[in-house]
Amino acid sequence: MLQGYSIPRTPAGRSSLAPQPPWHYTGEVLAVEFTADPQAVAPFLPAGLAPASGERAGRCALYFCDWQFSTENGLDYLDPLTSQYRETILLMACERDGASASFCPYIWVDQDLALMRGLIQGWPKQFGRTGMTRGYGMRSPAAPSVSAGGRFGAALTFRERRAVEAQITLQGQSHRLPDPGFASTFNVRHFPRLTAGRHDDPAVHELVQLRARDVAVENPMIGQASLTLFDHPGLELAAFTPVSVGEGFRMSVSLTVDDLLLVEDYVLPGR
Amino acid sequence: MLQGYSIPRTPAGRSSLAPQPPWHYTGEVLAVEFTADPQAVAPFLPAGLAPASGERAGRCALYFCDWQFSTENGLDYLDPLTSQYRETILLMACERDGASASFCPYIWVDQDLALMRGLIQGWPKQFGRTGMTRGYGMRSPAAPSVSAGGRFGAALTFRERRAVEAQITLQGQSHRLPDPGFASTFNVRHFPRLTAGRHDDPAVHELVQLRARDVAVENPMIGQASLTLFDHPGLELAAFTPVSVGEGFRMSVSLTVDDLLLVEDYVLPGR
Amino acid sequence: MLQGYSIPRTPAGRSSLAPQPPWHYTGEVLAVEFTADPQAVAPFLPAGLAPASGERAGRCALYFCDWQFSTENGLDYLDPLTSQYRETILLMACERDGASASFCPYIWVDQDLALMRGLIQGWPKQFGRTGMTRGYGMRSPAAPSVSAGGRFGAALTFRERRAVEAQITLQGQSHRLPDPGFASTFNVRHFPRLTAGRHDDPAVHELVQLRARDVAVENPMIGQASLTLFDHPGLELAAFTPVSVGEGFRMSVSLTVDDLLLVEDYVLPGR
Amino acid sequence: MLQGYSIPRTPAGRSSLAPQPPWHYTGEVLAVEFTADPQAVAPFLPAGLAPASGERAGRCALYFCDWQFSTENGLDYLDPLTSQYRETILLMACERDGASASFCPYIWVDQDLALMRGLIQGWPKQFGRTGMTRGYGMRSPAAPSVSAGGRFGAALTFRERRAVEAQITLQGQSHRLPDPGFASTFNVRHFPRLTAGRHDDPAVHELVQLRARDVAVENPMIGQASLTLFDHPGLELAAFTPVSVGEGFRMSVSLTVDDLLLVEDYVLPGR
């Protein structure tokens, strides 16, 4: 009998690309809030989500994350070439049943284990290379101080083209987190069919909401930010061109993933 | 309305990781036939497939492929950093309804577009780095002749460890193709659920058979081969340790993918 | 006694990053001729070389190469993960003692063995990722025909930014090779000192000329070309902005390197 | 006039692979002390250095480093895709004029800027991929605590084969640093000639000693360690097979490089 939470499923179950949940994560995160044209970004929302209104209209955030993960045995991190990855997440504010929510139109990771776990959660993961300035906690001309005045850069490359660049200058401790936030993002799980005549009839197409647990944030810092999105032939980022750039953030995060809310009343939008 | 065959689905549909089929491929292929212990490999078969019998018992093949692909516009190959990838495929002989067939327990690619298209076909794709000696068609001490006596090497690295090494010395034109062959392989499409309590109840779990069309093979060569599979903590390759190594092959291949046979009577094995 | 042509030098001499010459190469090459502003590119020439004059003034070429190499044992190519690399070469026309010559201001490879062998020859090699459309010799929608009408793309990425893009549409056999050509390029071997006070006094700084031997070109094709160079914060490519783009080429090349001409009368330019 | 500390030298001098010193570094370091067979490792020493004696005979250390660097402007780190790299350093104890010293037979980095700066210092740098468990400073099942009981892994891959694996379990603050140490290592700067007949007569071949300044170490931790070196066809690591494995370390380091001591009386060993 074949074993394994994801492919490849094997007799011993030791080969599964996505291991059996729970999946524990910890990481350093840089984030930049910005506002795009509400009319330009609204078409990125799937059925079941409404555009953000009021002061959240057009509100977006880019997150740059340097993650390490482990499964229940707690020792995956002893094989760092497998258990670390970097990620860039684009989130847009939206509403669900009148409540504030967030949705992810694009996300990029640099590793196949992270890609598979993401697909299962509905994250639309593709490959991209994320870079982030690191604060080492030492006084050195080679690293920013993780305190007021410290300057951090972040960048995303997708298919060998620069897609995003950001800089953040810290000003002090933050008493809030970036909005939209990522811990309870809505995503669409989508798994197509290839059988002739059914290319437009996916086997899975369902609105879901993340249910990360044990979410902890430490040492959140806030500051000034700059942000540039570049045209890219394989993306539709022009819609997200910042009309204004808000504040920047740096924080440490940890969380656990082993559940997902299926939004039951979801109906496939006119395929 | 969101567009796109796969994620990310967007207003213009230009971002889909797997483009709308058909997908056209052409490539150079090295292959090595070998026989493993039939008892060791049989447990890798999913429900619906039976172990190969007779002289095909334990028969396997490793394929190393250097692909370029294009979609219907025919010009994807003008962006080579996106449209090329290398792949290693492990196939095992099996039977379906008493007929000879093949199944893929492991496959490795080096690119996310190829990974996504593979998952949709049921290929259990993970990331790995494949290397293959190239014949340039010139007389040079830096390349083998694509004729009798020419020597070709191939290697697979998975998660920063060498997993497979092979060498082939060509002897002449081949009048047959390697067995098991890959054009009508059986795979299992598998897309898990993450909702708590349903981790063992995948949203998609179905036996399928490839229906590649316009399959063409040119200049098939045959020769002697050697093959080594290495232990790997993230794989279960020991079961496939060669008991004997058969012949080696080199060929050029082209094919088109836009269909998949869903094997209707398939029932999920005791989950 | 330590052995080895380059570092690392070891007791057995098996570790040398650049193996003992001769180095044999074979590869596929795409090239595009173009003309830049002669005044803009002239300052890139080192002492000992004069700007090209007449119709060669401002003449440049970009080469995209997909190489495989071997040393004297002839079997390095059986380890393809080590013996293959891709390269982009920017050449500019110049003159030496009144004769036509070529000089390389920038070159990018994707591998450390190639980098070290390049530095020893004076090539100013940095890392970059080169992509090139491949012609597989089969009739397929996934690859261009290597004949009139076949279209090939090439691209260079440097430090995660796109730096060069080119396209070539073949028109027929070529009766000439691109100018400037690369087989007898002039380079400057340069190895700095780090001792305090001597940062501007390199240990090696000498004008040299390549002496590749056994240079063979097969199946040279010529056609129309387009070319774009992108601004890059780590390069000075603006000087090479094409004023006009000439013809494009595709060819197979093989050559051997085991000699270099030291231009004896060379004097270090005012350091 | 061409500008730049290293190649490529250009009119504006903005392209130099190794920027003008000083070079500032900060990083996290894991290290493991071990002892190899003194007779096996002694032949790796160049002329001018003597084998370590007494209790230092055969003493070696492996360092795994996660660096960020900057030049004098202090802002290179805002482009993290360029200014970060990982490194594995093998050091062996030795003596110079009767005093304790260290020498580097092998070192691996993952980036060309780091490679070039290393070659100039005499480090025999090749490409390799280093992984290191990261402590994020948060309580999480996905990361070890940077305190007693915290477990860290490290690994090196060279040319697509695993070369080194290590694990360290911290026990507490350390009152000493690993021996041999890397801040004043001896290296051999070696730049070969390619001119025919002079392949064995390098243009530069000189014993040098690092003169890093402003070396600071913070939060040094010590603990138990395990270490495995794997056979590799491109290395001679068998000589360094651990006879016994000593203690493991973790620390934060910063330092500045802008000088190098040329050991004047050095004579090339019988070339």
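So that you can tell them apart, the chains are marked A, B, C and D in the order they are listed, and the count of residues begins at 1 in each.
Quick note on the criterion: a contact is a pair of C-beta atoms (placed from the backbone, for glycine too) under 8 Å apart; a residue touches a chain by one contact, two chains touch by 3 or more.
These numbers were taken from a predicted model, which means no experiment stands behind them.
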Legend entry - Chain labels contacting subunit B and also subunit C: A, D
Inset, instruction - Tell me which of A-C and C-D has more C-beta pairs in contact. - result: C-D
Inset, instruction - Look at all chain centres (mean of CA atoms) and spot the one farthest from the centre of subunit D. - result: B
Inset, instruction - List the centre-to-centre spacing of subunit C and subunit D in whole Å, with centres computed as mean CA coordinates. - result: 31
Legend entry - For subunit A paired with subunit D, centre-to-centre distance based on mean C-alpha positions, whole Å: 35
Legend entry - CA centroid of subunit A to CA centroid of subunit C, Å: 40
Legend entry - subunit A, residues touching no fewer than two other chains: 79, 81, 129, 131, 155, 157, 160
Legend entry - Residue ranges of subunit D in contact with subunit C within the complex: 1-2, 5-12, 14-15, 17-18, 20-21, 43-44, 46, 79, 81-82, 105-106, 111-112, 115, 119-121, 124-127, 159-160, 188-196, 199, 203-204, 211, 233-236, 239, 257-262, 269-270
Legend entry - Sites on subunit D touched by subunit B in the complex: 129, 131, 155, 157, 160-162
Inset, instruction - Show which residues of subunit D lie in contact with subunit A when the two form their complex. - result: 24-28, 67-70, 74-81, 83-84, 129, 131-134, 136-144, 151-155, 157, 167, 216, 218, 252-254, 256
